[in-house]
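Heads up: the structure comes next, in structure tokens.
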Amino acid sequence: MINIKKNILNKKIIIPEATKPVANYSPFTISGNLVFISGQVPIVDGKVAFTGKVGHDLTVHNGIEASRICMLNTFGILSLALDNKLELLRKCIKITVFVNSDKSFVEQPIVANGASNLIKEILYPEGNHARSAVSVNSLPLNSAIEIESIFEIALEN
Amino acid sequence: MINIKKNILNKKIIIPEATKPVANYSPFTISGNLVFISGQVPIVDGKVAFTGKVGHDLTVHNGIEASRICMLNTFGILSLALDNKLELLRKCIKITVFVNSDKSFVEQPIVANGASNLIKEILYPEGNHARSAVSVNSLPLNSAIEIESIFEIALEN
Amino acid sequence: MINIKKNILNKKIIIPEATKPVANYSPFTISGNLVFISGQVPIVDGKVAFTGKVGHDLTVHNGIEASRICMLNTFGILSLALDNKLELLRKCIKITVFVNSDKSFVEQPIVANGASNLIKEILYPEGNHARSAVSVNSLPLNSAIEIESIFEIALEN
């Protein structure tokens, strides 16, 4: 059984408040037992913590941190979507990781692990999820990373 | 309650006929109550209306218009998928907006609002949707924008 | 009726063993009757068969081959997910094709047909699927193509 509260406490993870969308859309939608989360950028306290191109302006280690922050923000939105009941999460279905980089960068999988590892910490001993990771040549607010995701939740009766 | 016919009339929106896929795939698939729409480019009357890179060959305003046209084409395909009964639409679940730009462009959210605003006009007073917007370095037919999307429909009994 | 075994035999298609993810994620997840497949690159026998940028380092024809291999690997994972019972496949819902290219490349649809054609061969006489195809400026392991996908399966009682 997943014990999300205990995992978060054990790992000293701090789920941030949901960040506001940067334009005219919603942070999430729910369809059946699936929650679709809008693309998250590494915003901390209202400001993008990692800007620029990974492997050029930023190290791979920076990219990993940025990717973890995107996923922290994702859990912040999940918490909002679930009325603070993160324990209703059942599965992470898929994440798509967009890495802002130049054309020679090939370490997207390492960078994306920043997000994947957080998912596994929070949903331990589950946490398996499908993933795609690709580079893009630019992102909103010059963010280093953007991550969109789909989660499965328990339906309350 | 959403009144799609009335919204379209009030806003003088003209839903185009569904454009044909540019290769060996389908404009949409349906699974349960979800409709998955193939990536749409800003085709008008069989021709791409906005080609090139937003922020370089095209202004941000052009990008907004292109993004709105992609979404108009999306509704054209939804109309085809629903046998002209757009009133069966329940929700826009998610859109992913790919902006053809150079590597310094960071106004993807403003550009993507062209699509998001149209969704809100048509699905008023609903229309909330999740969204990702990223740049890419090139698109099919040199299109300025490509948008893929997922919608939820009412299942007819 | 789809007869997947017969189609594979007739077309002499060899479904490879599922390739291992290149980092900390899973090759697939299942939610209800949907299977979400992680981004697949053109790996053959543990090595990326096509690296570099389509239209620059590689021809369009190479890109088509690479795209077909990504989809072969996708069916390898589907086979794993379905415990070797590919006949449980009902539909390909959507594929997203990321083409590693430079900024002037516009033949993503032709390249993506390598994958789409394989889907139609295996799911004949069905095989309709939604699709997006975009360029990106770089991919993991310098792969020429990455494809993520969603399939619908029959639920066993």
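By written order: A, B and C. Residues from 1 in each chain.
Quick note on the criterion: a residue touches a chain if its C-beta (ideal position, glycine included) is under 8 Å from a C-beta of that chain, and two chains touch if they have at least 3 such contacts.
Nothing here was measured: the structure is a model prediction, and the numbers come from that model.
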(message) Quick check for you: after a Cα superposition of chain A on chain C, what is the rotation angle, between 0 and 180°, in steps of 5?
(response) 120
(request) Call it same or different for chain B and chain C: same when shared residue numbers make up over half of all numbers used at their interface. (result) different
(request) With chain centres taken as the means of their Cα atoms, state the distance from chain B to chain C in Å. (result) 25
(request) Would you mind listing the residues of chain B that make contact with two or more other chains? (result) 32, 96, 102-103, 136-137
(request) Show which residues of chain A lie in contact with chain C when the two form their complex. (result) 32-34, 91-96, 101-110, 112-113, 116-117, 120, 128-137, 150, 152
(request) Using the touch rule from the top, collect the residues of chain B that touch chain C in their complex. (result) 21-29, 31-32, 36-39, 53, 96, 98, 102-103, 136-142, 146, 148
